[in-house]
Amino acid sequence: METNNYSDDVIGRARVQDTPELEAYYKELETLGAGALWKVANDIEPWEPRTNSIPMLWKYDDLRSLVLKSSELVTPEQAGRRVVYLVNDKRKDVSAAVGWLYTGIQVTRPGESTSAHRHRASALRFIMEGSKGYTVVDGNKIMLEVNDFVITPNSAWHEHGVEPDGQTCIWQDGLDIPLVNALEANDYAVYDGKQPLVKPINHLPLSYSCAGLIPADKTWDKPYSPLFKYSWSKVYPALLDAQIVNHPDPFDGILMQYSNPLTGGHVMQTMGAAMQLLPAGFKGKAHKHTGSFVYQCAKGSGYTIINGQRFDWKERDIFCVPSWAWHEHHNSSDTEDACLFNFNDLPVIEGLGLFQGRDYTENNGHQLI
Amino acid sequence: METNNYSDDVIGRARVQDTPELEAYYKELETLGAGALWKVANDIEPWEPRTNSIPMLWKYDDLRSLVLKSSELVTPEQAGRRVVYLVNDKRKDVSAAVGWLYTGIQVTRPGESTSAHRHRASALRFIMEGSKGYTVVDGNKIMLEVNDFVITPNSAWHEHGVEPDGQTCIWQDGLDIPLVNALEANDYAVYDGKQPLVKPINHLPLSYSCAGLIPADKTWDKPYSPLFKYSWSKVYPALLDAQIVNHPDPFDGILMQYSNPLTGGHVMQTMGAAMQLLPAGFKGKAHKHTGSFVYQCAKGSGYTIINGQRFDWKERDIFCVPSWAWHEHHNSSDTEDACLFNFNDLPVIEGLGLFQGRDYTENNGHQLI
Amino acid sequence: METNNYSDDVIGRARVQDTPELEAYYKELETLGAGALWKVANDIEPWEPRTNSIPMLWKYDDLRSLVLKSSELVTPEQAGRRVVYLVNDKRKDVSAAVGWLYTGIQVTRPGESTSAHRHRASALRFIMEGSKGYTVVDGNKIMLEVNDFVITPNSAWHEHGVEPDGQTCIWQDGLDIPLVNALEANDYAVYDGKQPLVKPINHLPLSYSCAGLIPADKTWDKPYSPLFKYSWSKVYPALLDAQIVNHPDPFDGILMQYSNPLTGGHVMQTMGAAMQLLPAGFKGKAHKHTGSFVYQCAKGSGYTIINGQRFDWKERDIFCVPSWAWHEHHNSSDTEDACLFNFNDLPVIEGLGLFQGRDYTENNGHQLI
Amino acid sequence: METNNYSDDVIGRARVQDTPELEAYYKELETLGAGALWKVANDIEPWEPRTNSIPMLWKYDDLRSLVLKSSELVTPEQAGRRVVYLVNDKRKDVSAAVGWLYTGIQVTRPGESTSAHRHRASALRFIMEGSKGYTVVDGNKIMLEVNDFVITPNSAWHEHGVEPDGQTCIWQDGLDIPLVNALEANDYAVYDGKQPLVKPINHLPLSYSCAGLIPADKTWDKPYSPLFKYSWSKVYPALLDAQIVNHPDPFDGILMQYSNPLTGGHVMQTMGAAMQLLPAGFKGKAHKHTGSFVYQCAKGSGYTIINGQRFDWKERDIFCVPSWAWHEHHNSSDTEDACLFNFNDLPVIEGLGLFQGRDYTENNGHQLI
């Protein structure tokens, strides 16, 4: 039923030849804050999804020393948050790493802590280095370890720090600041002083620590996950469990979504996150879909081919896959598994009915580089 | 606004004095399949919820040998299922332990297995003794250990057994057979032969083994929990985790609900289940609420006072609390915690808008015995 | 995969022969409040849904004068509610018309009103005769006309009456009293005096009067329909609209469900209702399904064949179809449509996962009488 | 707890003074696709929501002749769709009228029709002039009259036209094209020929024509309203009904949302719509909230004060209110009501947790102009 050669010279696309009379007409429209749709229709109605971002990879070997250097150059008090952010070459105007997602690398030294604040934008962290780091979200203090994933949702007061007897912590921040700004809804408030702790340390992660077991009083009424922290010490064994009893997905290996245990949905309303295990020797096939993704390698090494370009990664490297870009993941090792963390805008894309995907069918599913 | 002395001699209750004329009228109505509401109104509209069940306790010391004896008296082939069921003295007509809930104790010897069948009624098991028991639900085989809780939902094919190198297993069955019969909706079918296994052993429990981590492909579309088995090896540590960071509830200690990780709701549509830890020395206060409950002591010992009557229990004892009965739980030990498993009809009671409760306010919240 | 000849002499059904040893065993079990499942299993696990009700029809020509007579025999003050209830010959113990549904016929004379009360059971009315009747639900007064359907939900204060300048009103009451009693959750309270009106007359029906248009403030938070009244003056034209653009369903003609405009679900949590138009000359095919139904003919005349028995009905007659009974509806007229109102327990049956149905395939879909 | 004077010279905001060392550091970061967050933080994290749009009003008296002229200058075949679109002076880069919403005015002459196409973007129409216009959505033909509102959702095939014996139709189109492009998810396909009609004319509006009455078969499974058309002939009387029994909201008079009768939610996943009646003499108070709105006056006349600027409107005029702009609506007439249609991005703003509002508290709630 659908004709699909993507030529604009067909019924149903704009094919008007400009004439002097039309040129005059356009000028008249312009004076009224109007225009002729057929002048822009083919441009604003592309045949397929179109991204403004390019694939990029940020090597941790390059960034780490600069990130640490920031801790010598500025204090948290001066900087607000001492963060090096990663910016897509095509999205500098909105400070995004890909699509409408922001990411940065934050360093906190033992004994340091940020001031508390909140914003309509949502945030998440993935821990890269250090020990005895913590976050305090709405008066709940949560301790963090390497490869833990933690959320600081929309409009929750939050602050972070490292205990005096800990080790310098580095973590990746993910935020939807560009999206919330684009939707003209962001705000910001600073907390006057430190948040008082309202619950024992790790109250929420310990109250929801077992799959399928929840507090019977059912007092949680927030639109985000009450679990808050997803510990690597539990997540990695679960990936191995899942690997025992499931065939790896041809595109994504063992792909598990971080979810809200009270809804089975995404952890927050605007950003999702997932962890995937690429078994030893895994050679993923290529597909593309809507949604923007920021990845961090949590374990092992490998490479991802994005729109025909190969990006090699190892532990702590960060890279992005834009919307509708062909991509396939490969584990370089034949003996060890590799793990990729990602966060994404799937709650937006899925929630608004905008998800679609396509498999790469040529060349046995693998792109030519 | 409400007048509440529970006398029927008030406006709004039926207070008609019978007369010869009325008697004649009633007879005439009866010939037409009708009656006068005021003759029955006060009876069918009680001031408070009214139960047909009584509290009862079944001691495992008494039952165990009889349960084992059944394995000498009948075979699974003859019996269909070799089960001793526990029946409320006031609910023998519907074979219910309390309210519309059935419970029984099933014994299976090494190498034995039942034939496969299914029914519209839902079932659950709580493992009491033995090793290498298993259930097969819709082609998924799941291994069971002591204090594990497992579901076999509405209309799923299921069969059970014990591996030849296992030890005799005893488990508690819970079913909603009385309810589904009352709702005139039960059915039954036998499977011709053994179910073929469609997935590796423990496929589903291992695919959902970590709190907040779910398969990203989201193919589950059933109205019950994909986790199926809730392992004691994970549940008990989670109770201890929760105890660290929560004040015990004055009525129920640390009460955790088994839930569907994709909805945060009950494990099945008609029966819920929970596990609670009563800390050492815990003396629960009394309350009452709608809903029927069957308990099994999974650990420790204590007693429950139900409508002023004390029921002492220890590991493996089973007791019931009827709807709207005052009840309070006590741990007898000052040094060890006690754990109570229960299953109930809360999905029905809550889902139909029929839940209500009341706290016992006299005598500092404790009933007089 | 399923074997289905419904013989109990198959693997998977209980087939134990009693012996003296077993008889002794059963007695021993009985002393402990226990029994052998195989003694009752085949009975409590029927092959197909089994009802306790029989089909019945109540002719309005027979009942009307008796209903009116009640208004001479007792006052609303004495009777609480002056109602003749219709009772299934097999459900007299629970005062049900069919399954767990109660129905009655209430008469109110001009200037009379009942006192206000509430109960956990839910209620609904379908207006049969009269003018200027009204109901007051939680302080909202709603005027009623013939063939209007109105709800008085679970725990809402309610009272009814007829304006002094109205005409004697007769309406059908439907309640889930038997169900809520069976679930041991019913309660009752009388209101001290008359409810003050909190809103203008017909506030809620007038606020939701147009399909797809709702108050933008979204303050409604109750688990039942905010529309309350479904006016025949709007419902009948909508049936005609639907008839123009839809083929009649072979079983039910033009079958429309009364629904909550904020959820698309049933009007209340425990009872649903529907109106169906049988076009002139309509000869419905037979099917059976779970769920209990009470019908009233709102327009025209016809007959329904239930389990091979023919029940002729005309305007105002009431009849019931039990769970899993074969039934087919016929319009007797070749020139006029007929309309059947029904209320049912589908919210319970569907919500608990207990709905199933089967079409009658023999004899071109029509039962032999 | 919150300090709120909006000065960036506080703890929690970036306050780093640049130094030569820092300048060198920034350059080094830039070579790695990175930057220092504190350089941009205060800009990307505004204290309050910030819009990129300005309020604008488009007078129909100015536009109408130009719109009609388009029907002389180009054919539908050439233009794809013959539409004059209205563009915000600050959003020309994305062809949006306000925020991420597109709007245009389309003219179709008797006997004309567009070719069928579909796109991931959603569309809606509000009819301004003419008779016997129609839309065909997924094979369902729907007739349109003045002030009717109709949807053509996400990925549904659609085409429009005017019957040969109708009168030239002019309608307002609303689309989320800018949003779906921004989210990098738009697509487009043309239909090869005309869609065959799969149902009688007006099948869906006539199947759902009565509030609270829905087809009992429940086959609808789409994430948008099955009603499709909201007829002015029903909507306006419903506004009058609602006015009888409700106090006008101080900000919005009688504000009714077009909704999906199966969910009570918005008509589509990305765009909502509403109709409001400003009673005769209504002087609305000012508030602001997130979300972008495009209004059209459907009846009467009045003015809206937006961020202190007065915009006078009468029937058919179109204006916009950007996110977080103060706005208040006034009916100019003391004798006739005025009606404003609007469409908006509330499904996005609410669904992503980004809605917030504030009332104007000074000057008795009215802005100074």
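The letters A, B, C and D name the chains in turn, as written, and every chain counts its residues from 1.
Throughout what follows, contacts are C-beta pairs under 8 Å (C-beta built on N, C-alpha and C of every residue); 3 or more make two chains touch, one makes a residue touch a chain.
Everything numeric here is computed off the predicted structure, so don't read it as measured data.
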Starting at subunit B, what is the smallest number of hops through touching chains needed to reach subunit C? 1
In terms of CA centroids, furthest away from subunit A sits chain C
By how many degrees does subunit C turn when fitted onto subunit D using C-alpha atoms, rounded in steps of 5? 180
Chain centre separation (subunit A, subunit B; CA means) in Å: 43
Centre-to-centre distance between subunit D and subunit A (centres being mean Cα positions), rounded to whole Å: 29
Subunit B to subunit D: how many Å between their CA centres? 52
What positions in subunit A touch 2 or more of the other chains? none
Touching pairs - complete list by chain label: A-B, A-D, B-C, C-D
In the complex of these two chains, what residues of subunit B are touching subunit A? 199-203, 206-218, 225, 227, 230, 234-235, 237-238, 241-242, 244-246, 249, 252, 255-264, 267, 274-276
Touch list for subunit A against partner subunit D, complex: 1-4, 10-16, 21-22, 25, 28-29, 32-38, 40-42, 44-53, 56, 58, 62-63, 66, 69-70, 73-74, 77-89, 94-95, 99-100, 102, 104, 115-117, 119-121, 154-155, 157, 177-178, 180-192, 223, 269-270, 290, 292, 322-324, 345, 347-349, 351-356
